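Order of writing sets the labels: A, B, C and D. Residues in every chain begin at 1.
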Amino acid sequence: MKTFKIPLRYVPIAATISVFCVVYLIGIICYDGFGVLSIFDLLQDNSYLGIAAIGTALVILTGGIDLSVGSVIAFTTILIAKILVAGGNAFLAISLALALGTLFGFCQGCLIHYFSLPPFLLTLAGMFFVRGCAFVVNVSDVPIKRDAVFDFVTDNLSISIGSEITISFYVVVYIVLLIAAIIFSQRTRAGRNIYAIGDNELAATLMGIPVGRTKIMTYTIAGFCYALGGVAFAFYLKSGYASHCVGMEMEAIAAVVIGGTLLTGGVGYIFGSFFGVLVLGLITALITYDGLDSCWSRIIVGLLMLVFIFMQNMITKISKSKSKSH
Amino acid sequence: MNKFATVIMAAAAATLLVTACSKKDPNKTYVGISQVGAESDWRRASTKSIEDAVAQRPQIVMTFADAMQKQENQIKAIRSFIRKKVDVISFSPVVSSGFEDILKEAKKANIPVVIFDRAVDTDPSLYVSLVGSDFTEEGRRAARWLIANKPAKDSIKVIELSGTAGSAPAIERQKGFAEIIESTPEIKVVVSQSGNFTRVEGKKVMENILQTPEGKDFDVLFAHNDDMALGAIEAIRDVGKVPGKDIIIISVDGIKDMFQEILKGNANCTVECNPLIGPTLFDVIEKVKKGETVPPRIPSLEGVFDSIGGIEVGNEETPVQTTKITQEIIDGRAY
Amino acid sequence: MDLLQTKGIEKQFLGVKALKGVDFSVKAGEIHALMGENGAGKSTLIKIITGVYPATAGSVYFNGKECKFRSPLDAEHAGISTVYQEVNLLPDLSVAENICIGREPRTKLGFINKKKLKEQARKALARLDIDINVGENLSSYSIAIQQLVAIARALDVDCKMLILDEPTSSLDENEVKELFSVMKKLREEGMAIIFITHFLDQVYEVSDRITILRDGQLVGSYDAKDLPRIEMVAKMIGKTPDQINQMQASIVKNTKFGDVVYEAKGIGCTGTISPVDLNIRAGEQLGLAGLLGSGRSEVAQMIFGVDPHDSGAMTMDGRPVNFNRPQKAVKAKVALIAEDRKVTGIIPDLTIRENIILALQASKGIWKTLSPKQQEEMTEKYIKLLRIKTPSGEQLIKHLSGGNQQKVLIARWLATSPKLLILDEPTRGIDVGAKAEIEALTQELCGEGMAVIFISSELEEVVRDCDRVIVLRDRKKVGEIAGSDISLKNIMKLIAG
Amino acid sequence: MKKMSNKYRHLVWPLASLALLLLYNAFFTEDFFKVYVKKGNASEQTQVVGKKDNTPAAQQPVAQPTEQQPPAEQQPVAQPTEQQPPAEQQPVAQTAEQSQPEEKDGGFSIFDYHFSGTPVLILKQGSEVMLLAIGMTLVIATGGIDISVGAVMAIAGAVAALLMDMFEHQLPASAMETGLYWLIPVFAALLLATLCGFWNGMLVAGCGIQPMVATLVLMVSGRGMAQLITSIGRSKPEQITFQSEQLAFLRNGYVLMVPCCLWIVVIMYIIAGLLTRKTALGLFIESVGNNEHASRYAGIESRRIKWLAYIICGFCAGMAGLLTLCDTKSIDANNAGLYLELDAILATVIGGTSMAGGRFFLSGSLIGAILIQTLTATMIANKVDSSIIPLPKALVVIIVCLLQSPVFRAKVFSLFASKSAKGGVQ
C-alpha cells in the first residue's frame, strides 16, 4: 500500500517502472536466454532511440512536437558513412554531423518561434526535407568504413563484462547524456524555463521568461540529440542508409508518452522517457524471443500506450478536482 | 496505483505467456531465422516456404523474427538468437552493410550463420554459406531475353521500374541489365524510376511516366519485380496500349499472378528469382549442424519463364533455356 | 520628484489608436490609482511602461533617465514589477518556482539551489502573512492564494515601483484588506504603486493620487482627497455628475411579478456546494450575495447544468426538469452569462453576428438553421438595442472592448428570449457607463416578465436592483431577504454571520 | 465585397503556388496540359483532342482556370473535371465525326470514351489524399488532429479485400459477375472505418484525451490489426488480391468521361459542404474549435460535435482505403496508406485551415491536395528520382505555410514599408 503514499505527480513514472519490472520478470521466467543481464542488450539495442527520445521529450515539455527524429538520424548515418568512404576521418565526420544536426534544430526553432508556425507542421516539413537530403547524399546504403578514431572509440571506450556482455561507448554516452539532461531540466534556469513555457506560454512571457530564446534553444538541443542519436546508430549498425529509421519519430513520441510526459507540455520527467524507451525495447525483444508475428508488437505497444494515457488522464482529473475543492 | 499495476501486469502476462516455456533438447536443431519483412508477395512466398519446410522437419525448432524492413530490428533479433544459444542463425539482410559486429558476436558465441537471399558485404569468414539468387545474373538474363526477342526496330526504348532506392536487388538487377544491353546500341533505357517493389507504387509511377513524352512511345518495360510489373500492366491498359503486344514486358521474380498474365499474353517474360528457399536452406542448415562443410555460395535453381520457350538466356557456365508457361506449370506453382 | 514619467506616449494597433499622447507621472512613495473605462487605454499604457509592447511614439523616463524596456524582464531589472489582470502563473510548477522563476538562487556551479529557493519563496509569502507549503503545485491552491502568490512574486525583487492591474477582482473582503495593508506598508517603505481597479471605494480607500484616462487620452491627475467620487465617475465616462445621477435614478424596480418560473429544492453537489433551495417568479430579480468563494457562482452553474447537481430536484414552470447539461437548460429557456468572459463567453475568432446567433442556433440544433437574412436582422437589432460600438456585425468579436463584448454576450442570450436569465458578475471589469446601461436593461427585462438572477460582488448594485436577495456563506445558503429589508447592513450581517 | 475577400483570403496563397507550379509545367514540361479523349478499353487511341498544335504557353491559360475558378466562386474544387467537358466537348465531337468511318456503331457516346492526360491523372491519383483531407479538415477545425487515417485506410482495405476474396472462392463466378456482392465488402469496410472514427472520437471527445495521443494509439496498433485481418485464414499476413471488375470500377472506371474516383471525391465534397455550410454544423465546429469551453456554455454539445468530426474523418479514410484497394485490386496491410495522414494534414494546412482550430476551408484543403499531387507529377515528369521527391515537397510546404502565416506577412510588409519610407525620405 506504500504506493499510495507517492505524490500524484510521480505516479506515471512509478507505473512505467513497475510495468517494466513486471514485463521483465515475465521475460526472465518464460524465455530461456532472456536473463537478468539482458538489460545490457536492451540498452545496447535502444540507446540510439533513448538519446533521440531525450530531445523529443524536451521539445514536448515546451508544448511543441518534433517529427524530424528519424530522418535526422538517417541523414547522420549516411553522411558519416559517405565521409569515411571519401577518406575523411571519423572525428571530422562525427563533428560535422553533430554540427549539421544542431544547425537544423536551430533553424526549426527559429522558424517556429519567429513566424509562429505550428511545430507539428514545420517539423513534418523538416522531416521530409532531411529525408530528401539524405537521399541526395547517397541513395544506396554505404558500409561505415572503420578508421583509427572509429576503432579507438569502439574498442577502447567500451566496457566488457564477461564474455557476452559488452557495454558499448554509446550506451555510456546515453547514460551520461540522460543524467545531464535530468540535471539540466530540474536544476537549471533554462531547464525550468522549458517547463514554464510548456505550462503556460503567455504567463511565462509576462513573468519575463525569454520564451523565444528558450524555444529555439530547446529545438536546437533536440537537433543535437537527434544527430548524436544518429552517431550512436552509426556506431551501432556500422551502416549508413538514407531510409534508416523511417517512422521512428512515432516510436520516440510513444516512448516519451509511456514515460509519463504530457503532450500538452509542462508536465513530466526526462527520467520517465528512459523507462519509456526500455519498455518499448523490451516488448519488441520479447516478441522476437517468442517468435510472435511482428504485427503483434504494434498492437501491444498501442494497447500499452492506451493504458498509460488513460492513467495520466485520470491523474490530471484527480489533481484538478483537488485544486477545485481547495 | 496498485490497481493500475495489476491491470497492466494482467495485460502483459496475457499477451506474453502465449508460449509455454521449453528447455532445450539436444537431438533437435534450434534455428533462429530473421526475415526482412512482409513487403511483397515474393517475400511472403519465401517466408511461407521456410515455414512449410520446418513443418516437414520435426527435428527442427525455429524461432522466426520479422524485421519489418528495419535493420535495427534484425540486429536485435540476431542478438536475441545468440542469447538463446540457438544452433544455427540464418537471416536475409535488409541492407548489405553493417552486419559485421553482430556476425562477430555470433562467431564469438560460435554459432554458425547461414545467410539467404541477399548478400552482405562483410568478410566471408563470418558466415558459413550464402543460399540465394544472384541478382546481377537475373538482370543479365532479362537483358539477354530482350536481345533475343527484340522487335525489328532501329531504336528500342526501354522504361525501367527499379526497386526500392538503394536496395541490393534494385542496384544489381539494374547493373546486370545495363551491362548486357551495352553491347546492342539500339536498346536504350530512356526512363528509370523507383516503384518501391510494390504494386500500388508501380502503377502510380507508370501512370505518370505514361503521360510524359517518353511514355508516349516506348517498346519495352523492364520491372525489377513482378508486383511492380503487374501494377504497370494495369496502368498501360488504362491508356489504351496493349501490354505484351505494343509493349514488351519483362520482370523478375516469377510469382503466380505474373505467370497468369504471361499466359494471357499481357506480359512476355519473367526471370525467376526463386523464393522457395526453405528446403535448400534447411538442408544446408542441417549439414552445418552436423558439422559437415558446405560450399560458401549455394545458388537456388531458377528458370526463366516466357510465352515462347526455348530461348537461351544463361551464361557460359550455367546455360538456361526459357520455359514456355502452361496452365500445368501455373497449377504446379506454390505461390 | 517623479519616479516614473511618460511623455506623449502613443500606441497604434493596426489602424486603431489606443493611446493618444499620454503624459503621466508617478512619485515615489505614493499609491497612484489609474482610472478609466474599458478601452480607455489603462492596460495598454501599463504594457508599454513594462515593455510588453513598444510605444509607437513618446518616451518613458524612470528614475529621471529615459528607458526603452524590451521585455517585462528588463522592466523588472530596472525595478518595475507588475501583477497582471488575470492570474498569470504556472499551475503545474511549484509555488516556490512561481515566485522565483527567472531569478532562482543558484549554487556556485550555476545550478538551482532548491533549499534557498524555498526559503526565498517562504520569505516572500511571509511578507503577505501567508504560510503555505511552497513545494506544492500552484494548481492545488485557490485562485485567491494564486493571486497573492502573483503579488508576492512581484514584491520578491527589490522593486521601486509596483503595478497592480485589477489585483482585487478575484479577492474577497479580508484578502483585499490584507492586500491594502501590504500596499500601505510598501508605501511607507517608499515604493511607488500604480493601482488599477474598477471598485471605486477601493480607490478612495488606499490611493493618494488618481489619474484618469478616457479613450486613449489623459483627462487629468488629481489628489484623491479633492476629487469627489461622482466627479471622478463623470470624468471617466465624460458625462456631467447630474447626468449620472439621472442614469442611476432612471432605474425603476419592476414590482408586478408573475408566478414561479423556476424552483429548486435542495439542489447541491457534494464537495462543491451544500443543498440550496430557491425559487424565482416571472419579472422578479433575485440577487445572490456573498463573498467570493461563498458559492454564488457555483449555484448559478448548478442551475444552468454546467456542474451537475447530485441531490435535490428542480422544476421549470411547475414541470420537473433535470439540467445536467447546459444544452438542456438552454432548451428550457434558461440563460447564463458566466463570470469569466474570456473563457466561458466569447468565441474570439467568430464575428459578432455568429457570436450573437450561437446560443439560439444551439437551442435549435444542427438542422433548423437561421436564414442569413434573419441573422443580419437579429444582429442589427441588438447592435442598436444595446448600443454595441462596432462598424459592422461582421467585425470579429475579439476586436471589441470588454464592455462591448459583454453586451454581445447579453445579446446572444436575449436572442434566445429566455424565461430565466442568470447574470454572474455582469458588471465585472466594465466601465461605469456600461454598468448603468446593463442595470437599466435588466430592470427593463424584468418589466417584460423575465426572471433574472443577479450575482455581483458589489453589494450596492445588489441592493439597488434586486427584489429578493439570497445570501450565501461558505458554500451554504445562510439567509434570504426580501423587499424593504434589503439593505447593505442586513446583507453584511448575514455574510458576516 | 470585403466579406468575400475575407472569406477567400486563405485560398490566395495555395492557389498562387499551384498556378506557379502549373506555369512552370506549361513551359518546361512537354504536353503537361494535353487532355486526351480515349475509348474505353479499345486499343486504338483517338488522336489528341484540339490543342495538339498549340504551344504549351497557349494551353496554360486553358488549364489554369479549370483549377482555379471554383474556390473563387465557391463551387466544388473538383469542378474542373466537370468543367472539362464544356472545354473539350467541341473538339470531342469533331474526333467523333472523324473517327466515325472506322467506328462500327458510329456516333460518339460519352459512355465508351473518357478523358486522360496529366491533369486528369493528377486528380485521379490525388483522390485518396483529397478524401482524407476532407475529413481531416473537419477534425483539425475542431482543434484536433487525426494521425490514424493511414492505418484506418489499411484496415478498411484489408476487410474489403478479405470479403471479396472469400466471395470469389465461395460463390460461383456467374454470381460474382451479375450480383451486387461487391457492395457488401464496401459497406463492411466503410462501417469498420467509421467505427475506427468513432473510437477516436470516443477517446478525444468522450475521455478528453489529447487528440494527437489518442489517434497515435490507433495509428500504431491499427496497422497491426490490418495485418491480422489479412492473415485470417492464412498462416501469415498476406497481400490479398481479388478479380471483381465491379469493385475495381470505383477507382479505375469512368462515369461521364470522368474517373469514377473523382466523382466520389466530388460527392463527398458536396456532402461535406452541404453538411457544414447549409446546416449549423460548420458554425458549431468552428466555435468548438475556437473556444470549446464557451461553446459548451452557449449550449452547444461540443463533445458530440467533435465526436461527429472524427466519425466523418473515419468514414473518409474508409473511402480512401477502398480506392487504394481498387487501384491494384490488392491490399498490402503493410504499405497501404502508409504516411498518407501526413499528406492529408499538409493539404489541410496548405488550404488555410489553422492547426489551432476554428475557421476551416474544405475547398482550400482540396486545392492543397491537388498542389501536393501536382508537385509529385511534375517531379516524375522531369525525371527527378522519386527518392528525392520529399525535398522539394518540404520546401513548397514551408513556403506556403510561411505565406499563410500572418506574422511572416506582417514582417515582410513592414520590411517593404520601411524601405519605401526610406525612399520617401531621400
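Note that a contact is a pair of C-beta atoms (placed from the backbone, for glycine too) under 8 Å apart; a residue touches a chain by one contact, two chains touch by 3 or more.
Predicted, not measured: the structure shown is a model, and the values here were computed from it.
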Quiz item: What's the overlap between the neighbours of subunit A and those of subunit B?
Solution: D
Quiz prompt | Far-end chain from subunit C, centres as C-alpha averages | solution = B
Quiz prompt | Pair joined by more contacting C-beta pairs (C-D or A-D) | solution = A-D
Self-check item: Cα-centroid distance, subunit C relative to subunit D, in whole angstrom
Solution: 48
Quiz prompt | Distance from subunit D to subunit B - Cα centre to Cα centre, in angstrom | solution = 34
Quiz item: So, what's the distance in Å between the C-alpha centres of subunit C and subunit A?
Solution: 45
Quiz item: Got the subunit B residues that touch at least 2 other chains?
Solution: 37-38, 68, 165-166
Quiz prompt | Multi-chain contact residues (two or more partners), subunit C | solution = none
Exercise. Going through subunit A residue by residue, note those that touch at least 2 other chains and give them in order.
Key: 135, 139, 242, 293-294, 296, 303
Exercise. Give every touching pair of chains, nothing left out.
Key: A-B, A-C, A-D, B-D, C-D
Self-check item: subunit C to subunit A touching residues, read off their complex
Solution: 52, 71-73, 75-76, 82, 84, 88-93, 97, 101-102, 104, 106, 110-112, 114, 137, 139-142, 145, 153, 271-272
Quiz item: What does subunit D use to touch subunit B in their complex?
Solution: 29-32, 38-39, 41-45, 116-118, 121, 124-125, 227, 235-239, 241, 252, 324, 327-328, 330, 332, 334-336, 376-377, 380-381, 383, 385-387
Self-check item: Interfacial residue positions of subunit C with respect to subunit D in the complex
Solution: 304, 306, 325-327, 329-331, 336, 338, 343-350, 354, 357-359, 361-367, 369, 394, 412
Quiz item: Can you list the subunit A residues touching subunit C in their complex?
Solution: 9, 183, 186-189, 192-193, 195-196, 199-200, 202-210, 266-267, 319-326
Quiz item: What part of subunit D is in contact with subunit A in the complex they form?
Solution: 145, 203, 207-210, 212-214, 216-225, 227-228, 231, 236-237, 333, 339, 342, 345-346, 349, 354-356, 385, 387-395, 397-398, 401-402, 405, 407-408, 411
